[in-house]
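Listed next: structures, encoded as structure tokens.
In what comes next, chain A is part of two complexes: it sits with chain B in the first one and with chain C in the second one.
Presenting the complex of A and B:
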């Protein structure tokens, strides 16, 4: 259930944005304070904790040897999951993943998959039989708007932090060497930029309050070479063509800032 | 034997005193020891030790005035979110009297109302009413939320703090006991008041706050006042 936003708050925030200001004093195209730490979970192959304002997500990457999918026998497998912890917000409930959780993990997954971020071919061990399976698990610790950007940034950082054991094939058997760890084979980097439409303006990095009153939102995943690798629209109202083009320009510009937060490699 | 001083910050389980002391609010007794039950500031009065919480949730009390948000329109009443673990109800009869009219036209979901708590029963069902001066629906303005324990501090001794804010900013300010504050005035003044209220909330446990808030108001408004004076001066010249 979406919390009800008081009518007068909707008015005051919209009026402010029409004047080019925001309730928390930011510019329309400004992120809240971002912090990113990696290697925070010892038991995981890779991990990251990302904060955008008060939104906080903990991300872990695990690896495991398993069977490939029958239709893609020669590439590794990776899966993304997210968990909206009840402590993160009053309207997050325990139980099976709901719409928001599924959207979050699918959009994050899409950016990494379609951007060809992980070199999945290198994760195949015995074609058709054994491959590396990579799991990205995201736990939302605190929710104050804009989970998508935080999740994409954190997932990318966790993948860059990940070190998996060396596996070799000997007589059709996979031998795993836990002593020698090696980084995950990555091709590229990706982050995501979310813009909300409030009144007739596009605002970057919507806060919880702003998400409550926005008419629509658009999230754009961009690779470090500038290619767009994922896109997601949310909210009830439509976007105009010009607005989407403007959003893409803004995303291209602002993702450059986000890449700065990722560990240098 | 007393182990803490007045206005010390304590944590749950901390031993405050041993022996001949009474356990007041926010404390419990473990044999002869008085311990804190929450995070807060110690208040000692004679032999009674209590702890005032730094943060709290609003517990409805009869006679309080609160600011609430309509969450649901039902057949003969409205459900109201009063920023508390317990939700309130506003009976239709309280608004229309005997005849019943279109409920949605009176108040709709998302409206903000200023109400009085008429009754709280054993199961904490909160009945609200609109009878009284100034009670009713708010139009325009801005909502600010603070933790309910800081409400007395925001109002100040006999309203000293709140009146000072009103005088300086020329804004209407209405404070609900449940920690919601409604502000209406010039848009830029509303934001000044919001900042001031947030500062008061953050520094409520420190002393000499009223003076600091006055300085802050003067600093924030300094330029504006000068401008107004200039304008008046110019007007006089024209006349």
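Presenting the complex of A and C:
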């Protein structure tokens, strides 16, 4: 349930955007202030705390040894999970993940999976029997709009921060050495840009208020080599083809800024 | 078929605490009030390697009718551990342990709050353990009190919690994770510091009556020290002395 936005706010925010301005003084293609810290949780293999404006997410990466999926016996497993904590907004309820939380997890997962960010083959230990399982858990602490971009940026940073134990196979037995930690095998980096359609314009990084009145939104996952690796359209109204193409151009341009926040590696 | 080599096999020497603390010494403590935008009140607390976030919403309309009280507010708590807060990933969602802690936290905080001022409403307290290192229920209660104060909810006192217990044959204040697991007993206590009244008391392990009394006194002494930090956090946020 989205909170109701007063009609007068809807009108004034839309009118501003039609004039190329925004209520918080940003340009249409400008992010709010972004901050990203890594290595904030010692008990996690990798972690990151990301803030876009007042939206705040804590992300932890954990690893454990487990069984591969039967249809992909020779590659490692990774899972992405998110919790829209009831502390993050007055309308978030405790309980099992609702559809918004599942969408957030799945879209973040898709960017990483389809962008081939993690080299999953290197996470296989005994083919068909034992593999590394990597868990990305996203804890939404404060919701002030645009969770998707914050989640994708934080998840990428936490993966880059992660160090897992060295595992070797001896006589069909896995030996896990916690004294020798090594980084996760990563091929690439990916981040995501979300644009909201309000009035006749596309605005980058919608705030909470803008999300309340947007007609639709489009989120585009881009790799550091410029390839598009995931997309998600949301919202109740349609897009035209030209708008989507324009959004891709904007995303490819703006993700360059986001990559700058990631650790250099 | 999985062998695990760890570098965490701490061996404590006789009557010395593994982290070198004195028997009545707390771990380093840091509390900050008002850290979240959306919540009505919030607090972030670091206590040793514990990292805990608490948020408060309310008093607000109570939408579960069968639980509402016509003459007072209901203080509801949810204690939750992040999957990445512990060594082996915790499955998300409530388990028996966190449900019990949620109930006790609510009971520990309620006596301090003027619930009778807000009939038919709820005050919701959410505690998130981001990193756990022994004593998270006490850390959660301490943080939640600061968040309640930050939310401007009228209270008789700011409840504060601290554990004491026994490890290596010695009665000690504020058990670490290792002392909690390997030690003989753990006594988490919450008090209202102005009166010293006890609002949370649990014990597991074995103590004589004398040892229990020592532990209780140590826990209360710890509470009084932590209480000063709670007040500082509120003063830092809102000024005044």
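The rule is short, and it goes like this: the second predicted complex is superposed on the first by the 265 of 265 C-alpha atoms of A that agree within 3 Å, B and C clash if a C-alpha of one lies under 4 Å from a C-alpha of the other, contacts with A are read in each partner's own complex, and residues count from 1 in each chain.
Just so it is clear, a contact is a pair of C-beta atoms (placed from the backbone, for glycine too) under 8 Å apart; a residue touches a chain by one contact, two chains touch by 3 or more.
Please read these numbers as outputs of a predicted model, since none were measured by experiment.
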item: First, second, both or neither for A:4, with chain B first and chain C second; value: first
item: Touching partner for A:137 - first (chain B), second (chain C), both, neither; value: second
item: Partner chain in contact with A:12 - chain B first, chain C second, else both or neither; value: first
item: Between chain B and chain C, more extensive residue contact with chain A; value: C
item: Chain B versus chain C as contact partner of A:178, first or second or both or neither; value: second
item: First, second, both or neither for A:65, with chain B first and chain C second; value: second
item: Chain A-facing residues of chain B, complex; value: 69, 71, 81, 108-112, 138-143, 182, 187, 190
item: Chain B contact footprint on chain A (complex, rising order); value: 4-12, 15-16
item: Chain A residues within the chain C interface of the complex; value: 40-44, 47, 54, 56, 58, 60-62, 64-65, 81, 83, 85-90, 94, 96, 130, 135, 137, 139, 141-144, 172-179
item: In the complex, chain C residues that touch chain A; value: 1-8, 36-39, 42, 49, 51, 53-55, 57, 60, 78, 80, 82-89, 92-94, 124, 126, 128, 130-133
